[in-house]
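Next up: the structures, one after another.
Each of the next two complexes has subunit A plus one more chain, namely subunit B in the first and subunit C in the second.
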Partner chain A sequence: MAELGRAALLVTLGLCLYACVVGSVAALTRRRRLALSARNALIAAFASTAVAAGVLAAGFLRSDFSFVYVAEHSSRSLAGLYKLSAVWGGQEGSLLLWLLILTGYAALAVWVNRNRTRDLVVWVTPVLGGIAVGFSFLLVVVATPFATQVAPADGSGLNPSLQNPYMTAHPPFLYLGYVGLAVPFAFAMGALLSGRTDERWIVATRRWTLIAWTALGIGQLLGSHWAYVEVGWGGFYAWDPVENAALMPFLAATAFLHSVMIQEKRGMLKVWNVVLVSLAFCLSIFGTFLTRSGVVNSIHSFAQSDIGAWFLAFIVIAVVFSTVMIIWRLPLLRTTTRLESLVSREAVFLYNNLLLVALCLTILWGVAWPILSEAVRGDSVVVGRPYFDFFLRIFGLPLLLLMGVGPLIAWRRASLRGLGRTFFWPAAVAVVTGVVLLLLGAGSSVPGLIAYTFSAFVLAAIGLEFVRGTRARRALSHESWPVALGSLVGRNRRRYGGYTVHVAIVLFAIGVAGASAYDSVVEGRLTKGEALTVSGYTVRYQGLTETQTDHATEVRALLRVSRNGKDLGGLEAGKNAYRIAGPDPQVSSEVGIRTNYLTGEDLFVIPGTVYEDGSVYFRIFVKPLVNLLWLAGIVFLFGSIIALWPDAREQRRLAVRYDEAGSPVRGR
Partner chain B sequence: MNAAIVLGAVLGALCVVLVALPFLREPDPVSDEIEKMTPERQRRLALAEERDRALAALKELEADHRNGRVNDEDYRASIGPLRREAAGALRALDGEVGQA
Partner chain C sequence: MIALSIAAVLAVFLLYTSIAGGGTPSVKPSELAGHQGNVSLVGQVIGRPVGDANEEGLRFRLRDVKGAARTAVPVVYRGSVPDLFAPGRDLVVEGELRNGVFVATPGTMVTKCPSKYTAIKPSAP
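Here is the complex of A and B:
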């Protein structure tokens, strides 16, 4: 069936080319049926890509090793779930997933907007088609997943570190995020091409950006948890270039989601918003380039290939195209509205934007510098954790504070006296928290103490917002507190969904500070019966077990954990040696984690070398509050869903506006 | 191999039909032009956006004042200019619609 896969991809390439070229002609000549035809080509491209993806997935599920790609990334003994996730376990499959999501998003975006702003959507089609041309061309010409061979008896198997449930979800979520940023980019370019630089493109893309941003955030968190439980180095984020590659578009999209509100509320920052959307999209392509090119040494760079040059060309085209478009349409993007005061909600959003973009560009520089240095001077430079940690504190801590400041300040302007009143309670909570933590010994890490103090401020500010809003709602409607709260959130979904996301970010910050600034570690080689002690925990090594499974040899060190003399039960940590094609097995560390769900603390045991005499080298961490990171993910998703939920009142308001203006929003 | 070729051909044919559908459904349309956003409409839309922004700002200021985020002094300082802005936008839009 490889021929069907190849044919389907060829059809996709043809359809995307059609959508791009014919869509452009239709937009230029304003020919309606031609534009509809180009739109249909994008929808058909999704169907044909789905066929190609289905063929590849079937190859994996049937262990059809006549597919070179299947043989390289799967084996007969691989569990069914991982056979499916192996589809995107390598270069070609990842690109196919990219294209599948891209054409899916594109088809959905043009279909959902088919009856709105046709003069704008008519330009969105060729832009999305153009992006899809790039990826389908790569899959047809450079990296086809449908190369065939004489089927070997078994495949090479999947990289053991990818045999983790998180890996079935982490890449698709990340790609949903990366690729999703193509939609707001296409609408922004469509707005510039059509000359419709009013709010319409922002209204059309706000939810798309939010969906992509949420997926990117969840994808990164899933990846962090995978790194935490599977990679076995004791952390969840290593400032790895490929991890950074996902963080950068997330930061740019975060800035956009905030600055877009200034355009909606004040009609300002039109140029800035288009720049941010373009930056986020270009960074998403850059992230794919980093992952797929093998240009950086990373745990994520499973592929070493010459595909990087194509991606580089893609990035250059995207950057040049968007820059030319923005410069061309600058006169349309100028606004007459000015910032009225440096102490206002929009000013806080502006500071937030500057900090986010500064953090994003600093990370970009840290990622790009080693690549540039090696390309230009031939020497390899390492930009390590201290660089990134430094800038995270410099830009991240003020950002954290601004999350609390923003909700307390009114739009346009605020007097100092008014601020004093609204800031009193959150500031008091923050000061008390800081002092108490200092007395409890949290001063051992100044950034950690500041992070906790700011977190208390933000939580108090958000709590106050909910209380004030609910109280005002009750005064108007005489509802009970829960009903008033529900109706407050329901009537202001974006605002209170946003606040909920801010709570998630605070939980995340507390988790990061706890796990990195206040963690404890001990390490040593233990023979049977010996113990290591850290932060009140005693971990005693009791011996080794070895189990043979279908595809691996699993060695486990049996440990007994107690705290302050109280037995907490057993814990296992060890190594899996996966039998794969080749002389040596692939070995993965299987860390032992004991979670205290009440305090959010983890006891984290990394098994090192297992010696012939049965002794084992252990590295043991105690990570306070680290589980707030994963809780933050759930709250983040909840807040995003609130913000994403359709608002019929807003749709009606917009419909009235466009009807009054007589804009061509409706039609076939 | 043969089945794959047949399925590939079917897929290609279905895609061609979908792409050609607008022309098949409307072989001879009354109008084949995409409606244009004229400069007048563009101007009216800009004014409508301005009006909506001013009205939303007024509503938000009232809500902020009600729930205590904005004190009386700030409220009094802001409400006048905002009302004038909203009234100006409404007048301008009415004038524009009247002309149209």
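Here is the complex of A and C:
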């Protein structure tokens, strides 16, 4: 079986090389049949990668421990679902999943665009082929998942903290996001290589970028939720390098999603867009480098190996290649349109872009600083939470405000009087919210108060947009309110999908501010019958239980929660001691969380130490509004799906604009 | 426009570094002796920890994760202890050296996952 997997990967490498080299020759010499053959090779590479992935998955499902990789990441007692997720439980399997997603995306992208933008796609094939060569080379030469051995009796099993549904979904989502950014990058490079630098590459990749971006966002949120409920330190994001590694391409892609609209509508920012998409792609490779090389101290220390050097080479190639391409094609990327006013929708988009990129680059600086300072001064200096929090506030709060301004402000040039009319209601709502919150005592955190005031402004602005649109629609069609709202959204999916995503970001900001700026904490050692009080909650410790399961000894402290004298029922918090290979069991805290679904507030109990005499040291948080984070994830997904949904009207519009072969019908 | 925004970002950056100062030096136990003030210590736990982190403090020793240096720095720590804290594990903790003992800032201990995405192997020492 392992031979089949190895052979499949070798075939993949060959096919990708073919797609890259022959595809380039075909594009240079304009030989159409040759280009088709290169494209088919790329599609076939997906099939052969799928075979390799199938072999590995079968190895896991059959518990075939003659595969070294299977033996190291699985065991006979592992539950079925986790046997499958153990496929990407290690480095080699992760790379294979990565290649599978990459070739899958590539095959689909060139197939979907086979009759459109042909002159562009002939160059997309070799670029995607080239990226896939990199990954398949690593899998064939450096980190093969198909090494074999004499099968041991049982495997060493999967880390208990990874035996969790979140950890099954979190890595694939991140990969779908990371790898997905390769498609817009390849189209951008294709546009530069072919010299067709009009906005078609953007139109062709809008959905691809959106899918990748959505997956990246959802993947990160799943990771955060896992950290919150499972790791149990009371937070959900620690500014750890590996977490930042996923955040940076997300921010760059967010900037890109916005700036492409300016190019589509006004033909501006052509250079900026290719720079952004290259940045996003290079950052996604940099993220992999960070996680795999171990050059920075991270709480996620993955298996470390020399593979980091290969990724470094990969990044250098990607950066040099895209820089050279952009400089070479600079004359073609000149735009005739200029920014007419600093108060216009284009300008607001530009500010949004600058802030997002500034935030992205300061995070990059913070991540790279330990490496740079060690190289320059011989002394590694780490920047911690205060650094990142500072820049999140400095750049994030204005971004939040712009989210309310952008959708309402006019294109080209906005008049001051128009601004007054447009922003009267949102500003009024924001001021009232701010004053009320101040009176309620929210002034204890200035950034928190600003965040809430801005959030109110944005929500009011977006609400107003929905109301205005629906009212206009009703005036035209005399539909009922819900029907009018539905058809409004249905006819302008990108716009209202985008607004829905904005609502999600606001909910997220409210959740973050609530959980970090307005939380309360109390801690202490309780013996049976004693209680701790925090923010009106009284948590009484009632005793310990101990149960033995197949894998672990589970100790639970039984707690009784009441608020302002009203009994709210029981809560459990404790520790699981997993029996694993080695002298000590692996202990994992099982936090107790009581959610108030009405207010989104969590009572969060961390069991610190369980003492011999039966007393327990508790750390108890009250986190207001924290559940808006997870609600934001659902709204985010919903908004993205609205914006992604196929739109027949849009297709017809595009078909009119570009003829069959994909050339622009009218120049802009 | 772009030059202006870059200037603005740089200004913010300078503002930050002047207010909050640089970062914290990250050092190994073998290098600790030469460092004054607050540092972030990265090391491996050796021997059995004693004491209570919720009361007078948890006491343990840290040595370099890699390399030949045998220096083991005594550490005293108060505050929450991560689940993965155990002899043989790698961790990061902030604090400063006082009279030969590394006094950790409460609540700053972070353990590194034992190779999160690989199998669990018995820790070496």
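Definition applied: the second predicted complex is superposed on the first by the 654 of 668 C-alpha atoms of A that agree within 3 Å, B and C clash if a C-alpha of one lies under 4 Å from a C-alpha of the other, contacts with A are read in each partner's own complex, and residues count from 1 in each chain.
The definition used in the following text is that a contact is a pair of C-beta atoms (placed from the backbone, for glycine too) under 8 Å apart; a residue touches a chain by one contact, two chains touch by 3 or more.
Bear in mind that the values here come from a model prediction, so they are computed numbers and not experimental data.
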item	value
Subunit C versus subunit B on the shared subunit A, clash or fit after superposition	fit
A:Leu193 touches, of subunit B and subunit C: first, second, both or neither?	neither
First (subunit B), second (subunit C), both or neither touched by A:Val383	second
Touching partner for A:Gly469 - first (subunit B), second (subunit C), both, neither	first
Contacts of A:Arg31 with subunit B and subunit C, given as first, second, both or neither	first
Contacts of A:Glu3 with subunit B and subunit C, given as first, second, both or neither	first
Nearest Cα pair across subunit B and subunit C, whole Å	24
Subunit C-contacting residues of subunit A that also contact subunit B	none
Residue numbers on subunit B that touch subunit A, as the complex places them	1, 3-5, 7-8, 11-12, 14-15, 18-23, 26, 29, 31-37, 41-42, 44-50, 52-53, 56-57, 60-61, 63-64, 66-71, 73-74, 77-78, 82, 93, 97, 100
Interfacial residue positions of subunit C with respect to subunit A in the complex	1, 5, 9, 12-13, 16, 20, 22-27, 40, 42, 52-54, 80-84, 86, 90, 92, 94, 110-123
Subunit A to subunit C touching residues, read off their complex	72-73, 89-91, 94, 155-159, 161-162, 232-233, 238, 297-303, 339, 350, 354, 358, 361-362, 369-370, 373, 379-384, 386-387, 390-391, 394, 523, 525, 575, 580-584, 586-589, 606, 608-609, 617, 619
Residue ranges of subunit A touching subunit B (in the complex, touch as defined)	1-4, 7-8, 11, 15, 18, 26, 30-37, 40-41, 43-44, 47-48, 51, 118-119, 122, 194-196, 198-199, 264-267, 408-415, 417-418, 421-422, 468-469, 471-472, 475, 653, 657-658, 660-664, 667
